Amino acid sequence: MQQLVNGLALGSIYALIALGYTMVYGVLRFINFAHADLLMLGAYAGYFVAPALAPVFGEASYGLLAATVFLAAVACAGVGAGIEYLAYRPLRNRPKLTVLITAIGVSLLMEFGCQHPAVFGAKTRPFPQLLPAEQIHFLGATVSRVDMVIPLVTCGLLMGLWWLVQRTRMGMAMRAVSFNQQAAALMGVNNNRVISFTFALGSALAAVAGVLYSVRASGIDPLMGIRPGLIAFSAAVVGGIGDLAGAVLGGLLLGMLETYVGGLPGVSNYRDAISFGMLVVILLVRPSGLLGRAQVEKV
Amino acid sequence: MLEVRDLEVGYGAITALHGISLKVETGRIVTLIGANGAGKTTTLRAISGLLRARRGQVLLEGLDVTRCAAHELVARGLAHSPEGRMVFANLSVIENLRMGAYLRRDAEGVKRDLEFVYGVFPRLQERLWQQAGTLSGGEQQMLAIGRALMSRPKCLLLDEPSLGIAPKLVQTIFQKIVEINRQLGLTILLVEQSAHMALEISHYGYVLETGRILLEDRAEVLRTNARVREAYLGGG
Amino acid sequence: QKPGGADGAIVVGEFASLTGKEATFGMSSHEGTQLAVEQINAEGGVLGRPIKLVTEDNQSKAGESATVVSKMISRDGAVAILGEVASSRSLEGAPICQENRVPMISPASTNPKVTRIGNYIFRVCFIDPFQGTVMANFATQKLKLRRVAVLTDVKSDYSKGLAKFFEQSFAESGGEVCARLDFNGGDKDFKAQLTTIKGSNPEAVFLPGYYTDTALICRQAKEVGLEVPFLGGDGWESEELVKIGKEAMEGHYFSTHYTPEAGSPKGAKFVEDYKKRYSGKTPDTMAALGFDSALVLVEAIRQAGTTEGSAVREKLAQIKDFEGATGRTTINGDRDATKSAVVMQIKGGKFQYVDTVKPQSKAP
Amino acid sequence: MSEKLLQLDAVTIRFGGLTAVSEVDLSIGHGELVGLIGPNGAGKTTMFNLITGVYQPTSGQVLFGGRGLLGLRPHHRTRMGMARTFQNIRLFGSMSVLDNVRAAMQLHRRDGWRQALWRGNQARESERGVESKARELLAIFGLEERCQENALGLPYGEQRRLEIVRALATSPRLLLLDEPAAGMNPTEKVELARLIRLVQERFKISVLLVEHDMKVVMSVCERIAVLDYGRKIAEGSPVEIRRNPNVIAAYLGQEVADA
Amino acid sequence: MRLGGARRWLVLALLVAAAVSAGSGVMNRYYLGVASEVGINVILAVSLNLINGYTGQFSLGHGGFMAVGAYVAAKMTLVFGEQVGAAFQPLLFAGALVAGGGAAALAGLAVGVPSLRLRGDYLAVVTLCFGEIIRVVFQNSAFFGAATGLSGIAPWTTFGWSWGVAALTVYVVLALVHSTYGRGFLAVNDDEIAASAMGLNPLKYKVTAFLVGAFFAGVAGGLFAHMKRAINPEGFNFMRSIDVVVMVILGGMGNTAGVVAAAVLLTVLPELLRGFSDCRMIAYSLLIIVLMLLRPQGLFRRSGKGGGL
């Protein structure tokens, strides 16, 4: 039971990050390598704003968490849109792989930039306590508050994003842009605006994930995004990249798997191999991911 | 309505259009004919903002729109049914049509126009929920034209609308083109390989050859022009 | 031709992980080394020449160290090399030093293999077997523990090595390891492992990790309700441990090198100087060892009277009871340091001295 | 030779609820020129896909040279001697015109990577042979001057011709052409019809032609089959088809029938 | 690049390699080391280019293949190195490299077969998973030294070896691709459906690309092990694969000359930037971004087909 709760919480975090990957991928058809680092920036934003907000909302309260998450998301949305404008937009009509390289460059830049002593430094920093420390006891499991909050947030965001993509004009534009930017332009869609919006949104998602992740892990450092980023990216793909529900499903699956294997004495050292192995198996059985629809190609 | 002045467009080292000028009066149907590679598609793409002009101007209703992005032109009432169809393959037929009306806010009008499109292409109505990518070639062509109509443009660019369409339907399409031109006063710039039929319904025509305007005249004059007959109307 | 810098300075190379995932430790040892060099130079250097420290970053990446060491030796003309905390990277640099007959001193690589590379390779820290044994003995004899769970960092040879020797001696003294689990250094979520450990009902957990992971693990242990003492090694020693881990660290034990509290004036002075130099930061073990590695090298050069590699090597091999920030260092026949270890406990957010273990008590 | 080159027995394929091709029988003899026409979405391209192995039929079977093709993948079928063009042009976009053709000539050569790695005289000889044959084919279709150009830089009509050349380069016994005249002007269409007949005679192959331009179809084909909603509604000589009222109603329209 | 060019290239590179090797006694070891590293990276990048650039399969598993080659080759020389006489050392080394390459090729085969069904990012994730699995297996294998890895490996990778093998790799890849047979790689990349309609078996080409690419990655791993003399699993994590991918894309996918140039540049650049000390990697990442923005089509390619569909 305890492991189930652990797995659910971890999985929800991965799902949250995977949502960001999938959002950006869904529209631009490229893996935003810098997503993991935006997560880290979001965490640092939270680290800096939380103490300032604490007097307003009270130490360790839900209000404090919400306000911190919100501000971090706004900050990261700005950064994300800025990155898009400077590093990705000039390459708009180039092959996606070209953009992938600038994304890797941006990712390295953020990692090494933030490690520089003049910026954040390489050391791990303790993340402020945003939620009350008491545990909740629940069916024999001990659950920390953040572990309760995370699945709810993920669930809420999933529904919100789904609504955005399927039910709004912006969502429709996003889907059109994702398939063919020229054709979308011929429909009157302002590609640049849609893409900037998508990036801002994706980055905000990264920030939300970053803050929640840090609350849970309680320590942050400039390289903290890499591993969850990698896992969440795999999760997004296994779920069927571009598919929101798939991202969440993939994230949950990987979180559960990791928790389950990580808790097994004797094989916990093979944890990554086993979870990655499972991914391979899943993709071999379902080559376009769990929920992904095979891309139709009429001959 | 639409005017092109001394337009030069190229791809990398290749120059595809060497300064062409043409004029489409409001409410007219104008046809652009020319052999393969003459630059017809290039002309339309440059007008609708998909390609950048190297030199020259494009004027829409007297305003210089040479530097306008494609989406801005749509807002000004231009629609383009492109070569190669470019339907949104993973959206359904109905979603594709709704994308065509992306900038419109009048739900009522959109509904009416949908009905109109269904009237022209009943096949589309049968397949509303099919993914556009799995439609047959001709069905996709219908969708591309229908989608262009959905923005309720003032000026419509059609790149080979009859491509891949069965003969019977080709006749229908041409009839409808005339119909919308007459009823809605829609200005149309048409690129066609079936020059014969195109010239029959047009008011005016231009003949393009290797990126230059070779001839221009009223459609019925062009139809009887010996050179045109030989080169583009298949001799007879 | 005299090796060395243009200005007659003695060039000493240092390679460390200043960026990348182990930057925390690399930075510390680098700061310690830098402080030592500055102090020596302030006192007029050695052999009447100043020391020029050339530092290269290997980004915590495998494959970089060989390149940077060879660069420092053949391009910068380094007469000796200081470096690397992580054994796996020391193992890359060492063969190059050996081949070029340039002495190398590792501050904190504890894997026995490192100094086996050759007779030019030294270290100023004790090795895994010793430290593992110390903690095992402390657990069985002082704390009277019989059931212990072990949680190791699969990615770290240090952690693996320590665990291995701890388990050996612990079993020899009749203890039982009731659960063995692993994590990946740098992970942020350890609840799965901790939940399993809790299920195995240990009396304590042996956690030979670095302090960043350790602090997070201890915090999360509290969250899953695992309330037993944790034991660790010198990788724990840093103020950050308590800063990050907060109350969750209370009552836990770790073994480390000599501490100021155990009565070394040199150590106390080091802490003071370090704080002054690095705006109030408290040094950790890596910093102290980095400091000592430089001091030991300079001592050997002074005794040798030359910077010539073989002569310095000779003198290094003879270092005995050298007073440094980490206590007395004696280089043994294996070119490893024999020094006492101390066991500390965390109380009220401070490290408190509990016990000293002399090297003689080394089991085998 | 009594045996048909290609034979389809009651072939059916469904996509979800949609029956795109339904119980179609069709056969093509050696050296025959057969047309396949029908309204948009009638299932013509789908038939091509069934024959070449892109899709597997839901029921029914396809025989080629008397052999069942069940389960054979497209490249196997090409090796057996069928080649096709695509309705939506699918050239190798990063390659030159010449290389597009050469790539299609690999399948009948047995010298693979060994020759690629070790280039003796023999290898050079064979490479030269490939090139000259490719140029020869391109010349027939008036593309020899475009040899070094990038395939996608060609205008639409020339891309279509290149597709035919590429298909011919596989030395097929049966050539399947999907709307080869689309995007050409009437003059070019006449020329294309001539070329199709020419290669048919010269290489002694059978042709199955899908085309919406009746002039081309009627002038090229000896026999025509008509599909509508996935069913075969008529089959016969061009003259018969042109007069068939079902075909006029479903497909030709009055005007074309009169023309 | 025409074939004649490729051959001349091969000969030239071999000559340079031989000359430098002969003179290596007097040359600065650091520069030699960097030069050898250049060779290794060229092997990695050019071989990945066959998979990613020419066949268009996005592989992130090169680090894993390299690991297999490095471990197998190193273990071989560690076990047999003592037993053979000095005269046979080059033979043993060559044998170890081939064995490493062979083992990596087997791994490549295992990765290549799924590529029949998987495309694009899905394949990327599967290759990435394979790479990580390989790493974890080595990390836990006592036989291969677990987390500490293998050390005390003989320093047999000379400049000559590394450049020699690099030249060979370039030759093999170019020869493969610029042949009638090899045009299949490009055809499969451009349009798999059309390629199979032209009688080319896409699976065969894709798997071949993986096989050959992985083989050379394995050989590069072997060279790497015998240059660094100590290897551990962390050296072959997915960042290593990413490094190689960057070289391939920066060089211009499917453009061997460009990829070689990028491999050289990205190996030498960080060394040149050493003067920047703690801003070095920041400068490096900035340079990658700027390079990409300035030359999006790859280092060497003319700015061709722009604006098209």
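For this structure, a couple of remarks:
We just call them A, B, C, D and E in the order they show up, numbering each chain from 1.
The definition used in the following text is that a contact is a pair of C-beta atoms (placed from the backbone, for glycine too) under 8 Å apart; a residue touches a chain by one contact, two chains touch by 3 or more.
What you are looking at is a predicted structure, and each value in this text was computed from that prediction instead of being measured.
Least step count on the touch graph, chain B to chain C: 2. Ranked by separation of Cα centres from chain E, the top chain is B. Note on chain placement: the centre of chain D and the centre of chain E lie 42 Å apart, centres being C-alpha means. Averaged C-alpha coordinates give centres for chain B and chain E that are 50 Å from one another.
Once the centre of each chain is set as its mean CA position, chain A and chain C turn out to be 36 Å apart. Shared contact sites, meaning residues of chain D that touch two or more other chains, fall at 45, 54, 86, 88, 90, 153. Contact with two or more other chains is made by residues 11, 84, 134-136 of chain B. With touch defined as above, residues shared between interfaces to two or more other chains in chain A number as follows: 112, 182, 269, 271-272, 295, 297-299.
Within the complex formed with chain D, the residues of chain A that make contact are 298-299.
The touching residues of chain E, when paired with chain A in their complex, are 58, 114, 117-119, 121-122, 124-126, 128-130, 132-133, 136-137, 139-140, 193, 238, 242, 245-246, 249-250, 253, 278-279, 281-282, 284-286, 288-289, 292-293, 296-297, 306-307, 309. In the complex of the two chains, the chain D residues touching chain A come out as 45, 49, 54, 86, 88, 90. Taken together, the chain B residues at the contact with chain D in this complex read 11, 14, 33, 35-38, 41, 83-84, 123, 130, 134-139, 141-142, 160, 163-171, 193-196, 230-235.
Residue ranges on chain D touching chain B, taken from their complex, read 15, 18, 38-42, 44-46, 87-88, 153-158, 179, 182-190, 212-215, 250-253, 255-256.
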